[in-house]
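Quick heads-up: structures coming right below.
Here chain A shows up in two complexes: once beside chain B, once beside chain C.
For the complex of A and B:
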């Protein structure tokens, strides 16, 4: 099984579209309400970061499975400015936009696996997975 | 496409029941509308009911936190009601602690709590 769906993030409204898609996919996989909220929140954070810092990009959501384990993989990619200091960006409270600085460290805690690949001036790809228990 | 959230007045309190998912623009418009209404009505308290809200991200959390501080500056107390368990869990995992925020289980409890707070 490898169902995928994606939303291009171009305007603020696409943030809403991405998290709605995420919630529907999470429901479809069979996640409970708390995990649905975790996944929806994580997607909202990643989509807003794309919109704020890279202007545009894409959120891809894939239903995945490993043996009996089912899960949801979220890939947030952009060709924006990249993140120069990933360690800083992952700190609670670090923000360059007057936000709460809660997004990236929050996504890491909300999801099970979390990975950032980023190159300055080339862009950022963040992958996050949630497994169903 | 901005939808305005209705703000009702009951005695010296404002009551807001958020009925659908908050997008960024709606949240910001609400912040302005609430402060304007506080100014014109001189209300002393606000009950903000979030019962139908099924997730809160860092942006919405910031707007809500700002609304509470700004209302405080204008002399009004805010009570938040109806936070779903899933929302409470994700907020903490995000690292957001709405500290010093008065909360209550539902609208009715919220109004009672607010009236008690306004008496002291």
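For the complex of A and C:
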């Protein structure tokens, strides 16, 4: 099974669309309410980062499976400014926008696998996976 | 040339409409023609034909007026904009074909003919799209206002205690509104404790949490205490995982428990009375 769907993030309301899609997909895979909330929140953070820093980008959500394990893969990609210091961005409390600075490290904790690929001035691709247990 | 086209359409309107209808039926899944009664289709199409003729014969002002009325009417029928635009294209194509068959369209006058038709169809397309987008804009605006009205009202429940129930997604604009209403309400109702109820907020991410923390801080500055109530179990877990620090203010799972604590804070309690 390889279902994929995506939402373009252009305005603040697209964040809502992205997480709605995430919630539906998570429900579809069979995640419980707590994991649904985790996935939706993670998508919300990623989408908001796109909206805040890159202005536009895309959130792609894929249902994946590995053997008996089912899961949901979230890919957040943008062609924004990139992240200059990834190590710092992953620190709790570090922020360049006056927020709480819990977004990226939070997403990493909310999901099971987490990967950032970023090039300054070229963009960022973040992939995060949640497996169903 | 204008006149020629107009008279031709006028004379052959039935034939053109028949052909147009066949084309539309081929083009569209039959659903559309099943939903609409024959009469509605017929009158609308006839009106449309007249409109096209008047655009070539009548003065510009009358035409503009008629065009506007027609667009508004079409929007009211609730037809999809794609369908209407396709109908317009098909109509023009039918006229081309028919006039070519009738021998009125030759190679020598083809260019001027095309110019006339383009000048004629383009404003029509624009007007239809314009009418549609106006209706959409209006709807969106109305909904925005409706949303704002439901957005964030502070309800004085008891003396010194107010509640702000939050329902739905919190975006930047709404967060600003929450802050304003909260502070204004606290001062107006002389509240000492404010309960922010987030039972109806679907997702609490760092942005929402940040706004709540800021609002609570501001409430503290005007001399009241802010409590966060209605934290569902799954929200509690995500807040902890995100690493958001909410230790600075009192939080409870339900509004009811929050209310009990708020009453205790203001040295009051709800007691049961025995009525004979």
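By definition in this document, the second predicted complex is superposed on the first by the 133 of 133 C-alpha atoms of A that agree within 3 Å, B and C clash if a C-alpha of one lies under 4 Å from a C-alpha of the other, contacts with A are read in each partner's own complex, and residues count from 1 in each chain.
Everything below uses one rule, namely that a residue touches a chain if its C-beta (ideal position, glycine included) is under 8 Å from a C-beta of that chain, and two chains touch if they have at least 3 such contacts.
None of these values were measured; they are calculated from a predicted model.
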item: Superposed partners chain B and chain C on chain A - clash or fit; value: clash
item: First, second, both or neither for A:106, with chain B first and chain C second; value: both
item: Contacts of A:44 with chain B and chain C, given as first, second, both or neither; value: both
item: Touched partner set for A:5, first chain B, second chain C, both or neither; value: neither
item: Contacts of A:19 with chain B and chain C, given as first, second, both or neither; value: both
item: Which of chain B and chain C A:63 touches, first, second, both or neither; value: neither
item: Which superposed partner A:118 touches (first chain B, second chain C, both, neither); value: neither
item: Identified clashing stretch of chain C versus chain B [25-33, 61-69, 115-123 or 169-177]; value: 169-177
item: Shared chain A surface residues [contacts with chain B and with chain C]; value: 12-13, 15-16, 19, 33-34, 36-38, 40-41, 44-45, 48, 92, 99-100, 102-103, 105-106, 109-110
item: Contact footprint of chain C on chain A as seen in their complex; value: 12-13, 15-16, 19, 33-34, 36-38, 40-41, 44-45, 48, 92, 99-103, 105-106, 109-110
item: Contact set on chain C toward chain A in their complex; value: 169, 171-172, 202-207, 209-210, 213, 233-235, 237-238, 241-244
item: Chain B residues touching chain A - in the complex, by the definition given at the top; value: 1, 21, 23-25, 54-59, 61-62, 84-87, 89-90, 93-96
item: Chain B contact footprint on chain A (complex, rising order); value: 12-13, 15-16, 19-20, 23, 33-34, 36-38, 40-41, 44-45, 48, 92, 99-100, 102-103, 105-106, 109-110
